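Structures given as structure tokens follow.
Look for chain A in each of the two complexes below; its partner is chain B in the first and chain C in the second.
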Partner chain A sequence: MNRTQKEAMCSLIFFTVTLVFVLLILAARLIFKKDIVYITYFMLATIAITNVLGLLYVLRKQSPREVITDERDKLIKLKALFASFISVMILLAAMLVTLRIAVGMGGSIGVWLLTLILFVISIAAAIVYSAAVLILYLFGKSNA
Partner chain B sequence: MQKIAWVFVIAISLAVILSAVAVSALYARVGMPKVSAGFAFLGIAGIGGLAPLFFKKDKGRVTSDERDKAIEHRSALAGFTAAYLLVGLACMVPFFVYGPHATVQIIWLPMIFMVAGIAHYFFYSVAILVQYGRGGNQNE
Partner chain C sequence: MTQQDLADKVGVTRQTIIAIEQGKYSPSLPLALKIAKTFGVTIEQVFELNEG
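Up next is the complex of A and B:
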């Protein structure tokens, strides 16, 4: 596994965990009308630990032959970036249309919901990018 | 590719300028909900989508090479980045300007997506023109 794959693996785990925690906190707040403080602390601790462990894993070379980056890595990163951007736009459109249908034509929403939309699409972009990098390496294994 | 990019830049600029003028002129007369009719001028930007029909590729000639592909990739990235930044601004500015307890009418939400799309094509086209412009006489 080279550095790009390790980065993708770590960020995939990190952002998926963050998204799950955020959705849990939101569900608790919106459905049960409760602030679960210990989940927030647990989330922050998990994010900090995954960050430190991920950084150590990425920076430490597992093999002396491991190269930092080459042309193929750059191409894979570029393709993954396009996949990430396109999925963000599709997700944004889906969220906005869903909101419009749910609230109705004359309705209005709190501006905090816009920041939440931005937060969710940013995390989704990172997840799609990391997953795309890993999938592209998987498909190109025979050429590696 | 450059000719198509020019059509996009002109069509989008014209659409944005006319919309801004119409919205500014209508705002004082008809007020807030009806003023959104001024955004209809943004439809002019769609003319850019017809450009590939007018500037067709020459058959039997090599129309693009590795450098063209690299320029296209970089421009697409520039377009997507600009669109993403605009979405970020559209989502964050109301929060900081009006405060966390303010509300926004649902009718404005599709506008965010539309503006992001227009910004993508505009910056994509500008990036193409800028990158070819740096190449001097080698572009034709």
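Up next is the complex of A and C:
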């Protein structure tokens, strides 16, 4: 496994955990009407520290001759970026259609909900990017 | 020469060399030239055009 794969694996785990965590907090707020501020901060801090430690481990050079990135990595990253962009467009369209049906043309939504939607879409885009990198490494057939 | 040695000499990762060997990745012209130069042969002796 080279560095690009390790980075993608690290990001995939981190963003998936973050997405699940955000959705759990949202569910707790909506269902139980409870604001779990301290647990939220603690969990976010734990995720952030774990991610920093994971990245430090991944980014350390294993040997002085180790190649960090090459032309195939760049090609794979470009394709993954395209997949991520497409996923953002699809998710945005789906969210807009859902909001249009839910609140109607003249309806309004809270700023927190809009922020949450953009946050979730950003995390989803990062997950798609990381997953695409790993999939392309495993199964991708590519040309320079 | 190991895959890692070749990768280090031409400046790519070992995974890229493996992908080239398996036909999963077609290298750029500069990389193909570097590989041929490392082996001291012409590019046609290392790579062949696979049409289709």
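Assume the second predicted complex is superposed on the first by the 128 of 144 C-alpha atoms of A that agree within 3 Å, B and C clash if a C-alpha of one lies under 4 Å from a C-alpha of the other, contacts with A are read in each partner's own complex, and residues count from 1 in each chain.
Here is the rule we use: a residue touches a chain if its C-beta (ideal position, glycine included) is under 8 Å from a C-beta of that chain, and two chains touch if they have at least 3 such contacts.
Only a predicted model underlies this, so the values are computations on that prediction, with no experimental measurement involved.
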First (chain B), second (chain C), both or neither touched by A:I90: neither
Partner chain in contact with A:N2 - chain B first, chain C second, else both or neither: second
In the superposition, chain B vs chain C on chain A residues touched: B
First, second, both or neither for A:R72, with chain B first and chain C second: second
Touched partner set for A:I49, first chain B, second chain C, both or neither: neither
First (chain B), second (chain C), both or neither touched by A:V20: neither
Contacts of A:S108 with chain B and chain C, given as first, second, both or neither: first
Which superposed partner A:L99 touches (first chain B, second chain C, both, neither): first
Partner chain(s) touched by A:G140 [first = chain B, second = chain C, both, neither]: second
Chain B - residues contacting chain A, complex: 73, 76-77, 80, 83-84, 87-88, 90-92, 94-95, 98-107, 109-110, 112-113, 116-117
Chain B-facing residues of chain A, complex: 78, 81-82, 85, 88-89, 92-93, 96-97, 99-100, 103-112, 114-115, 117-118, 121, 125
Chain A residues touching chain C - in the complex, by the definition given at the top: 1-3, 5, 65, 67, 69-73, 137, 140-144
In the complex with chain A, residue positions of chain C that touch it: 7-8, 11-16, 19, 24-28, 31
